[in-house]
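Handing you this structure, nothing more for now.
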């Protein structure tokens, strides 16, 4: 049958996996390094990230301060590493929150269809039509700026996207014959959702999650820029860029170093996410 | 032989937006006897798959009754229906799509047992192994593998094993071999025949390939645009089709023999109408070479014209 | 047309929920517009009096329905802060934000479409990889950073474009465009990445379709295959994204307008939030929500133009 | 098919297509050669993965660019080596001399372009017609392929038509520039049997009327039996048997062909006749062994079959790739 | 008056040393007529009706000074000059002041400016029904207009400082036409009419405010400019870039880096004005643990104000030990300030005996964050834990007013006289004494400062007062108010930046 041509082409498209492996090594290595440092920051002999020495403010990188010092004379290396911790906590947890809620909404919508779908889509519409900034400002302004609240605010912002991805994928999978087969054996909706659909949803959601992490890390920076990010003196990459941005003319590295680290991390996340996505299905997770 | 399954005045419609409905199955009455294989043939849009799904209540039909072993499935809900399900199983056209790509073969086949409450792991393992061997899969080789590691034919074996593991009474086979390669098709057809004998199954065998249907079916029902045209025992149907549509179908089949001249379908030119908007009266009339004014005004009822033979035509070719 | 009716119902429901939600949220925001207006010198009596004058002492739902009533007649009230009619405030700033967003989208599309086309021609090829990396790069660039870098680059170093401010079209089209280039570029340079990736991905899928093979079999040159056959059927996700991304675009506009001192709706909203100007925030959010729903409505219509299949289903009576 | 003095319309020598995959190189087409004379119909028969579609698509350059596929061999069309043409010349030949119809008319027509335009596109590009003339010609072609109300239909989109009509449109596109060769790649697989009949009739009618040569790719032996002059059977990327249609069905040489024919259910057999199935399944092309690809499933397999790959033996107007051909005295040629 | 601006928080731990009249005023060649000037300010304008606007930020004062005028005026050396009033004379004890109104002044709409307008303006602000926020700080009881050219100010008590107070442009002293404002209602706030050198043309909110030369201005030579545009440019880098690029010719600026850079740039000139106010850190004396004097003293001694200011402001704003800026005219020889001494601070904390944890409420701005973090780091060295609570501006005000804070950042704005601020902030009966400070001796000294007509007695009282406050460590003085503006080198004639306002009535472009 002529489907064979397409099949062969499809096999060919997944072909150069060896090259992918190479391409994966660098970003994956970087991510592991960042995660490792973020976890072990307390034990690797870093100076206190909030210890100030105003006399030493905005010193360029040197042997003493490998990455220089910031506007308050704090060690940038230490701040970048501790900042990784903050940024990763926000970046990882916020989308998880969004994915738990959004995923549940999206799965229910895609599986049950009908009224549930209408309601869920309406809910997503409302969240999307609502300027996210107001939401984020409300949370951080009303509940106070803390790591938890910033994470919560950004988590809520990631609900609609997660719900859309979950819904689109569920719609695609729920029509597969194996779901029908599960129903012919009398499996309950809950069992079908958790055993048949969820496992298939995880890979695209994971790929999307990797991308969401990078978006959230950037978004935390935007909140910091508006003065509503993680409270000082706890460092976060976004906050460091927002702080350093002020001195772009006199000490560009105070902004550029965290920016570069964030850049590399986001780049790596996207690379890995893209590869995971390619391994699943290029089309469905486009949203 | 008594009827295992009796479909009475079944109607399946589904909305396609804009207040319009596809008239997938219209007023179909059909019985499947215990132990027989009933072939159901028809072209795309004839409603044969909709019929299959409706009788499994996936989803329940719009109207009509589906009496299985004396109980009307359309009146059952929730737990009662779920308890009934293991007795009716289904095999699908696309074997790869009918298996969850994320689960291992053993899990897929064991799933029906888990759902129907077989909680003893050893017992489950035993029954899964047994059914694997029955369908010709080597349990030790396939146990922990996933569907994508198998070819279509092997996947269809897994699907058959899943359907058999609960030892159902009836299996609905929805185009079980049409996605398979020619050289594999015979294997699966033979397997189904073997399983039918071994487990005492009743089969509803849906296909568009007349030769395959002929080969497995005791009786054959022909559908066109949601209505039954003809129901007859296999040999007489193929020997002397009574409905002009059946005749046209048979004439259109390409025969793998260059010496057999191409038959004449005698069909009026044109494509089948849309099930969204089926013709009045006899639905085949727009293409029928024998159509009369009466065919447009009056729906021909399915009537008996022989001992095991029913036809829905005002002007049947036989009888 | 039932489809249209459904869309209208959807619009109404979404608006109701969004405005009610805004009302609730802005109301529980700490800070009091009365304090903002009266300053830190006011006596508690003054504050209570002003709250009564502004109607802030009534139950929230009562106020909400009052607001809704007059909003339906096109009156969004007057800013608590400076007495400017909210409708007027929005209308004054809308052209700026619209221009910013439209130009940003044009820039984004202007980059995304050719890049996606070139990248999809040889997936995994050199151009594809470079463009993917560039896209990731811009995605990783916070807009508040990019904005100031662009100012330093184009304004201070090369002295090509004005650093801040907005020149209305009435003062010359070129001056107007000049004042909007950097802000739009800031938004557009980040926006194009998403569009490019979506389009590229859909192009790759489309390019595997048989009708592309058929187009090639007709002997069409590769670029004609891409432009005439592949682009349009690949653009649906892109268009959906264009509609859905408005929320994100507004978020970006807030920051960009702040950096470049553009008198746009985003800055109006931000100012309203900081000033606890409930009525202004409320009106602006409602307006943005209407805009979002309406634009997505238009996007749906655009589908019908681009995809005859949709037209077929939707517009057959 | 052979022995005739005139130059064949299409002559293929040692066509090869290979893809690199995760599991190593995959040779989808492996050393296939055939000739096609003007006005004749060659049926290419094989199961999925046998390489029949890939073969034909590679001949006309539809496999290759971008997919990382390796294509080799010689393709002579009217004596011209297609592989040595410049891209522009090649596109000219492809657009005017060769027409192609794909399996699924649902996906082979551009969903967002009006039918008339899709038909006229080639005419405008290669025949220099202006848009009006192309549109007029498109309507004529629609009429010719049996579409009622061609003027109205020309302004419609593919989704507004039924599957059969779409395939007629696809045929109209294929014959628009009056090609000398029509390639029909499973043209009726996606269609119902009654419609299939009409489409095959149409294809055959057009072919005869225009004197085109046709390559009919199909997995359905019935279709091939009724519509082709010669048949080439493919298995695992190789041509395993070529012969005149009647010979293939009357006296297959290749055990695979024989087994295939035998495994088909026939209307003439009584119900519940046990089918004679071919055991095993087609080989994994990425793990090709040294011997005959059909060997593991073959009833007549010997040690030689495992060790050595049989070449296509030609003679008596037909060819087969087997050490133990049926209907031939051992060691001799029929 | 602790009027807040966007940036105060601890907004800058900025400090000023002594009056450096550094606003360089070139020995003037004759001014040149013509030209259009654009001023970049920090924030958009609240509006131009004092009742509605409540306060004028320095950006608004800059814009309002284009249209409105004060009764008196101060030159750069602090001498009183006539403006809308030709003179102001007190009665014997200074409780009634009589102003002679300048004749032949017209509002921009052509109606004459009279003493009644002056009376209406002040009486409107004083009327409790209008809830004008600043009325409690006006020492005026009411204003009468016996004839068109005489306005009589009845004071609440003896008040020596009225003419000087009225000479500084603020939301109260810039006189608006009440009649016109009432006619226009809510729209007036956005369409100001005044007597000033420029006529309001348009205000596109958040974008620009445009004013054109008033051809009928009473001071015939002025103004020199044809048109003035004021643009709110909130981002300081972008604002500075606009100036360098020449899009604007004057900017208000407070970022030390930009000022230092500008000083080196031949194309730019830096104007600066050391005001009378100060940047301060109030401590809440009513709350644990700051109700304990030892803790407050420890905080005071732990904060390295001078070093911080030297670094953060690049020496632009040295600190001093009292809140009296040079233009206040008060100079104390001994302020009794506690010296920086983290060791001593540590001992005091040890003496206090319990671990000290403080929460510092600051504005959620970069500078608020910066200042708070510096404070935090200094306290840590003395063993005091500080948690930073960044909040929105209004939240900060609310917390301060309700004394719901421990440490915060605040600013005493420039007024011509220190009395209103000091009285409001430290008198035990004052509603905005948000430190909750209660000291009978301080109350007594504040009254002396308010009522005494003897300037020396007043000064002595304020100096005695500051010794007590410093010893009690109620508020910490982190820097004096210095306002900076940067202009293109060819801009001339901008006077002292009183209240941070850029006044351009006499500005002109040198060739």
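The letters A, B, C, D and E name the chains in turn, as written, and every chain counts its residues from 1.
The criterion applied here is as follows: a contact is a pair of C-beta atoms (placed from the backbone, for glycine too) under 8 Å apart; a residue touches a chain by one contact, two chains touch by 3 or more.
All of these numbers come straight from a predicted model, not from anything done at the bench.
Enquirer: What's the overlap between the neighbours of chain B and those of chain C?
Expert: Both-contact set = A, D.
Enquirer: Starting at chain C, what is the smallest number of hops through touching chains needed to reach chain E?
Expert: So the least number of steps between the two chains is 1.
Enquirer: Please state whether A-E or A-C has more C-beta contact pairs across its interface.
Expert: More C-beta contacts join the chains of A-C.
Enquirer: Nearest whole angstrom, what separates the Cα centre of chain D from the Cα centre of chain E?
Expert: 89
Enquirer: Compute the distance, rounded to whole Å, between the mean C-alpha positions of chain B and chain D.
Expert: About 32 Å separates the centre of chain B from that of chain D.
Enquirer: Distance-wise, how many Å sit between the C-alpha centres of chain C and chain D, to the nearest whole number?
Expert: Their C-alpha centroids are separated by 52 Å.
Enquirer: Two or more other chains in contact with one residue: find those residues in chain D.
Expert: 47-48, 57, 102-103, 219
Enquirer: At which residue positions does chain E touch at least two other chains?
Expert: Counting only residues that touch two or more other chains, chain E contributes 237, 391-392, 395.
Enquirer: By residue number and range, which residues of chain C touch two or more other chains?
Expert: In chain C, residues 30-31, 123, 148, 152 touch at least two other chains, as defined above.
Enquirer: Quick one: which bits of chain C touch chain A in the complex? Just the residue numbers, please.
Expert: 10, 13-15, 17-18, 21-22, 25-26, 28-31, 123-124, 132-133, 136-137, 139-145, 148-149, 152, 197-198, 201-202, 204-205, 208, 237, 240-241, 244, 247-248, 250-251, 254-255, 269-270, 273, 281, 285, 288-289, 292-293
Enquirer: Can you list the residues on chain E that touch chain A in the complex?
Expert: Counting only chain E, the residues touching chain A are 236-237, 255, 257, 261, 307-308, 311-312, 363-366, 368-370, 372-374, 376-377, 388-392, 395.
Enquirer: Report the residues of chain D in contact with chain C in the complex, numbered from low to high.
Expert: Against chain C, the touching part of chain D is residues 57, 60-62, 66, 88, 91-96, 98-100, 102-104, 107-113, 121-122, 125-126, 157, 159-160, 170, 173.
Enquirer: Considering the complex alone, what residue numbers of chain B touch chain D?
Expert: 43-44, 151, 153-154, 181-187, 189-190, 193, 208, 210-212, 214-218, 234-235, 238, 248-260, 262, 265, 267, 269-272, 274, 287
Enquirer: Spell out the part of chain A that touches chain B in their complex, as residue ranges.
Expert: Listed in rising order, the residues of chain A that touch chain B are 1, 176-178, 180-188, 191, 195-196, 199-200.
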